[in-house]
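Several structures are given next for inspection.
Below, chain A partners chain B and then partners chain C, in two separate complexes.
The block that comes next holds the complex of A and B.
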């Protein structure tokens, strides 16, 4: 029998995790409970983060930056009117996760901690240059989303650490969006693309999901592409660089080769969507 | 699922062969291998732990050498289960050694692996990535055992 604890502070939760070696933190439970039911994980204790007020809610700091508590449910993120412009991409991604039941249950912190390469948040957060707030036995720290994924399902979270919040830079008025190719609506991505234009419309930020252990982001390539968004050969060179970074799996959602072919198509089609939006605005 | 790969070591084939046929050397090189025990002339028992993200598995394996042609080919079969659980892993393996022009050894390996039970639910795509990662670590450990760096 798995024992469940309901701590009311982050410190208490971290202490409980340290105390019980085989314990796991439980956020929304959308994935973890299903994995437990399938006997894929067998935690001795579950440390529920549901009653910790500090992990809840979306707030703005003085500089306009946004802090999303780790226990924020997907439906709350999908409905958050603060996520405009460059952060619209995150709102779109949240609204495309699975189905209504999962969006009512699952949390951003839980999804990020689980680090499924085909899940929707990681590419969107990479495109937003998000920063993770982390608490653990050695205190609190922050970590860029770009330094977070280390390998397949392996993250920079240390033993006993939990994600407490995800912070985003203040939104700027530019077009951004998230698109995924999936077998059916609500499935995990076969491949996905999170993209935001630069404020002057001359460059872009793009992160590809489900084509490697973590989101693919080529910041040097983005820099080289600045000012050349309407040059098809420059865009094609940029997408080739992304393909070269990819390391997709063969699985039920598609072969590795198919995924590699999706990357250039996704990028060019999302780019044309965003630039058309800009012209119409 | 087929797992294939190859690597080269700067050591003569006879030496590589001896190491590959030494269960203690192999046990020390296989990532996650906790113990190896020789059952008879051609079979071994081993305990190997593997971790993929939050999923941890510990297999009790029986490795049987089916056929060997000294100093170049070994055919073996690995079968095992995960303690009292219903996960079963089976694999047919072949290892081939050839000389390189520089006096080293080229090692080709291939395995046809099947996984059923709770871990079979997880999808084979990720197992292949994990297998490649473990193979990389094995090669590193094996080179260290031979006292060569490449």
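The block that comes next holds the complex of A and C.
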């Protein structure tokens, strides 16, 4: 038995979470209700974020930056025409989550809060340099996606805090994409790769998913690779650094060793797809 | 201890209903145990198998992962409420004719997912049908006859 509350404002939701110590915030339910059905979590209270208008919708600010409300469902993100160029990667990732029915339910805020290392949004958001908007008992704050994951399933979210939105810098006209290796359509990633080229086509941003507690970014390596994207030995040096920094585990989707072998192939193959796109454009 | 029950008002298959369910119940529990509406099946109870798929405000969702409290004031549609839907009737006929129904446990969920696919893509390729139905598990047919049925229905409907 779980008592369910349906607050209509963020403040009300945060107050309810503070008031009931065992309460959990509920977004789309795609993961949390499945866990409850399996008795992996037994929350006394669920604070549903479904009726809070402030958490919904995708909007643009004056500078062209994009704000995605935490309760935005995957199908909405997958169909969002504002996510072009450098942000296409996020749209692609959204469209590869699970299957159509689950994409009607799951939300970006819920997925980010759950912080499954094999889920699709975190690498895409890392590649976009996203920022999280967070509300909690001590008020509101923002946090870079790069400072968010602290360990396996451990995030910088404090007790009683919820994610209210994800903000992205204004899209620029470059190629970006998301690719995942999965056992079957709709599965979590065995390994995934989110990549965007720099506006001048000379460099890239890349985040690897499912090969460590959080998305793997090597910004120093990206810097060293600038201007050398067509130099196979420089690319190979870059992917070797990623392999060295990765910290995968053995699980049902693949061994750690297999994942380490996937990283260079994924990066090389996605890079070649993006640079070919650029030449054709 | 008696479990605390909560009254919920929702629209089910076009009719306003008020139903008492255990606090925190899923829509699947409310449908099957409290309303005895049985087309939505409990397979995995994890959102994976697709047998419980129903429409919430016209979009397919997993009834096992949807809280009844979430449906308060919203419209739920199950297979029981789809009589008279031309696309559904066509899909159903093709499922029967192609042998896409064996034990029938997955069939309702398959049909609801297929109907949504045809709404957004009236002429899907076989690959598109397979991907769209990847969230509906069938342990009898091997899927080929189901894909045949959806493609056959799409072809007939687009004529």
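Operating definition for what follows: the second predicted complex is superposed on the first by the 281 of 281 C-alpha atoms of A that agree within 3 Å, B and C clash if a C-alpha of one lies under 4 Å from a C-alpha of the other, contacts with A are read in each partner's own complex, and residues count from 1 in each chain.
The rule we apply is simple: a residue touches a chain if its C-beta (ideal position, glycine included) is under 8 Å from a C-beta of that chain, and two chains touch if they have at least 3 such contacts.
Keep in mind it's a predicted model, so treat the numbers as computed, not measured.
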Request  = Identify the partner contact of A:220: answer first if only chain B is touched, second if only chain C is, both if each is, neither if none is.
outcome  = neither
Query = Between chain B (first) and chain C (second), which, if any, makes contact with A:115: first, second, both or neither?
reply = first
Remark   = The chain contacting more residues of chain A, comparing chain B with chain C, is C
Message = Once chain A of both complexes is superposed, is A:184 in touch with chain B (first), chain C (second), both, or neither?
response = second
Request  = Have a look at where A:3 lands relative to chain B and chain C in the superposition and call it first, second, both or neither.
outcome  = second
Inquiry  = For A:153 in the superposed arrangement: first (chain B), second (chain C), both or neither?
reply    = first
Ask   = After superposition on the shared chain, which partner residues are touched by A:250: those of chain B (first), chain C (second), both, or neither?
value = first
Ask   = If you stack the two complexes on chain A, which partner ends up touching A:39: first (chain B), second (chain C), both, or neither?
value = first
Key: chain B versus chain C as contact partner of A:24, first or second or both or neither   = first
Shared chain A contacts, counted only where both chain B and chain C touch the same residue = 38
Interface residues, chain A side, partner chain B - complex = 24, 35, 38-41, 114-115, 151-154, 213, 247, 249-252
Message = Under the stated contact criterion, what part of chain B meets chain A in this complex?
response = 52-55, 85, 118-119, 121-126, 128-130, 133
Complex contacts: residues of chain A adjacent to chain C = 1-4, 6, 26, 29-30, 33-34, 37-38, 46, 48, 50, 75, 98-102, 104-105, 184-186
Query = Can you list the residues on chain C that touch chain A in the complex?
reply = 3-4, 6, 22-24, 26, 45-47, 50, 53, 59-62, 64-67, 69-70, 72, 113, 116-117, 130-132, 134-135
